[in-house]
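Lettered A, B, C and D in written order, each chain numbered from 1.
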Amino acid sequence: MSNAYAVIAGVGPGTGRSIATRFAKAYPVVLLARSGESYDSVVAEINNTGGQAIGIATDATDRSSLDAAFEKISKELFPGRYLAAAIYNVRPNGRPSLKPFLDLTLEELDSSLNGNIRGFFHFAQRVVPLLADAVKISNHPPTLIVTGATASTRGGARFGDIAAGKNGQRALTQTVAREFSPVGVHVAHIIIDGAIDIPGRENIYNHGPDSKISPDAIAESSWHLHTQPRSAFTHELDIRPYIGRF
Amino acid sequence: MSNAYAVIAGVGPGTGRSIATRFAKAYPVVLLARSGESYDSVVAEINNTGGQAIGIATDATDRSSLDAAFEKISKELFPGRYLAAAIYNVRPNGRPSLKPFLDLTLEELDSSLNGNIRGFFHFAQRVVPLLADAVKISNHPPTLIVTGATASTRGGARFGDIAAGKNGQRALTQTVAREFSPVGVHVAHIIIDGAIDIPGRENIYNHGPDSKISPDAIAESSWHLHTQPRSAFTHELDIRPYIGRF
Amino acid sequence: MSNAYAVIAGVGPGTGRSIATRFAKAYPVVLLARSGESYDSVVAEINNTGGQAIGIATDATDRSSLDAAFEKISKELFPGRYLAAAIYNVRPNGRPSLKPFLDLTLEELDSSLNGNIRGFFHFAQRVVPLLADAVKISNHPPTLIVTGATASTRGGARFGDIAAGKNGQRALTQTVAREFSPVGVHVAHIIIDGAIDIPGRENIYNHGPDSKISPDAIAESSWHLHTQPRSAFTHELDIRPYIGRF
Amino acid sequence: MSNAYAVIAGVGPGTGRSIATRFAKAYPVVLLARSGESYDSVVAEINNTGGQAIGIATDATDRSSLDAAFEKISKELFPGRYLAAAIYNVRPNGRPSLKPFLDLTLEELDSSLNGNIRGFFHFAQRVVPLLADAVKISNHPPTLIVTGATASTRGGARFGDIAAGKNGQRALTQTVAREFSPVGVHVAHIIIDGAIDIPGRENIYNHGPDSKISPDAIAESSWHLHTQPRSAFTHELDIRPYIGRF
């Protein structure tokens, strides 16, 4: 195993778990989530199957919490190792409201702005210098991946809060890509356009076999992005189930 | 003159002044800006040339300040009148930083999110019900116009803070359009893709005659949007000078 | 009336008629259509209401037919006059097939490519030099307008032939805009996103009052585009009814 | 090796060769190009390194030539086998003109329309039914991949002919995706945004190491698309070098 590690911010039972598991095949992984409840089982699963995983309870939208996590990583956990990949999969605290625009509260809007834009801002400012430092030594170009959604590309009825946050997040991702791609850091955005097949939620949005996106497939595409050489970076790809309007 | 009025939020010497002057040919206009310094001369100009204009010192990004302004409008200034058009042209407090991503501060990011997203959120929640109420009596479909920028459609190097705010604003505008167009409210977004020809700044970004966008032309296009019948709404148009890459 | 004229290619009872009528308020207009049947009543209407209109039976997708028409214009009809505006509103010969992809014939595809791309190619090569010649003398910047459709921006099920032609047409319009905007020629594309309210077809696609786009409104927006100064060109706008998904 | 095969239309020394070589690791591959000169060395290379490749001289833009090729495949070469993947990488005959719009000839425009739109139309009508037939037996969802370019998404100065053809091709690809994705056929479009690193052309567009796109990397991404399960189809991804404006 290489002298590298990966960080996944936003780990629950769905996409975060799958990405962590996939990247753990190549790197020790650090899992960030607000509470151990979210990542404990994933950490155990990875460690029990030959990988190496560590969870740190972190509010990725809070600078000092994030600083403490990276301090711990560089001083205690992985001194001397380089950061090969960082994934920002943080969901805003609380469920999407799906409220009509006039019923939206400022708190709901702020929750989206905080989780999607400010949180990514903090995270990217922390990891981009580490990724840039790793350009010359990393096996694959150091990679920052952001998981977006349908609402990342436009507004839609009842998606005001989400769309404002996700569109802003995507634009900020593009900014980071344009500034750091020339340095050799690969910054990519995934548009996840559909419901994700999360264990325990089988009956939600279920329109038949494979009608919900496999989080393992999102993880495979994330890994593929990471393996692209610097002459052939993909900056955005969409992922959606075979059925459903698009 | 009709039994209507228009509100322009964000009035300085450039686009806001031109839009206010243009709409004042048809409606009494209320001008909102953080301080009278910004709108005093525009108010005087309109009132001296046969129009009717009133300025209210308002922080359009602050709910209670905005509430007070609309309270004043409906109780004192124009009781019984309907709102025919509302324009959101607010610029975040302070100049765009144009800083490299790693140098951006949270304060700079927040300034953009506040002026572009939160401010528009408050403004739209205030005016949309008034516009909806006016659908059956307004001469032209009641209209909400948002002035965007190049950075409204993508991120760019050194545009992280601006792009996050403007992309989020555009997505929120699209949400409002999708929810209230079926009611008959016209919601439109203008992509202003270039420098604006603001009096007193002749030497900035000057690449020859007409190389900067005439704010009066933006105002004419805004007025054109307002006059479109409900069978033919334009939801977005771009405006840029004849020279310059696009 | 000015020393100018306008040309509208593709004139029937809908958009072409409305645009011709609108531009005839300012300029003598030349109407091109495959047969007089299409434009005779429009020519009569304009001439009977104080305007000046001439129809020329022309296949705008055929270079020699188009050459003959412009020869006639410059030699016989309007020697010495300049071309202020040209509108390409040609529809491919025959109705859209709306066929599933596997049922489409090459003839149907070619009909779309011919009317949408090759025809516009010929038309633009004819009019752009004339428009460029008029830059210094025209009251408004000389303008080339192309009427597109929903299918101009993406492919859709059963829209293979149309989408291929309209996307290609839009891309070619953008090319012409990028090459000739710096010269002062205004090239604009209108996305007509919905059914047009054409006299005699009241019962088709009718979802209530104003559910179909007023062709007169398209004409007003076309005229507005023409009046924009060169510091403030709009290159694309969408037009759609207030109801209907978008 | 499975009971399947793959077809690559448009095989020269660059992308086509790399894709053929990559897919040959899993399937016997059929290579189509106008003349054996284009594919002979690739066929030899694959057969010499443990794969199975057959070239058929075919004008993929000509229906009868294409019919003959598929007749040969199904009757002689691979009777009983299913088609797992088809790649359309055909370049129009002749080099892009890169001419100013007014200098473009109809022949140059037609060459682009023929290679990009009509050719893909024929190819897709041939392969889509075969791919649909393979849905239930194929290891990975049967896949149709189209290689696009920067000019697939917009027009640009001196790119009139190319942009018309590539935008039309992309729209037609989207149509096929929307019609056949629900059946389980994966249709994907790759935007190749930059010069490709083709052997023998090292000195063209060379801006330093890795400044041109590795065709092998395009092939890896194509293979990745093919391996995505039907719950997680990517319909479009961009590929560009780490340096260069985007």
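Definition applied: contacts are C-beta pairs under 8 Å (C-beta built on N, C-alpha and C of every residue); 3 or more make two chains touch, one makes a residue touch a chain.
Source: prediction; values computed, not measured.
Q: If you walk from chain to touching chain, how few steps can bring you from chain B to chain C?
A: Contact-graph shortest path, chain B to chain C, evaluates to 1.
Q: Under the document's definition of touching, what chains do chain A and chain C have as common neighbours?
A: Both chain A and chain C are touched by B, D, going by the contact rule given at the top.
Q: Using mean CA coordinates as chain centres, what's the chain B-chain D distance in Å?
A: That gives a centre separation of 47 Å.
Q: How many angstrom lie between the CA centroids of chain A and chain D, rounded to a whole number?
A: So the centroids are 32 Å from each other.
Q: Measure off the straight-line distance from the CA centroid of chain A to the CA centroid of chain B, and report it in whole Å.
A: Going by mean C-alpha positions, chain A sits 35 Å from chain B.
Q: Check each residue of chain A and list the ones that touch at least two other chains.
A: Where chain A meets two or more other chains at a single residue, that happens at 178.
Q: Between which chains does touch occur?
A: A-B, A-D, B-C, C-D
Q: Under the stated contact criterion, what part of chain C meets chain D in this complex?
A: Of all residues in chain C, those touching chain D are 63, 100-102, 104, 106, 109-110, 113, 117-118, 121-122, 124-125, 128-129, 151, 154-160, 163-180.
Q: Note which residues of chain D are touching chain A in the complex, please.
A: Residue positions touching the partner: 141, 178, 181-182, 184, 186, 197, 210-214, 217-218, 220-221, 224, 227-243, 246.
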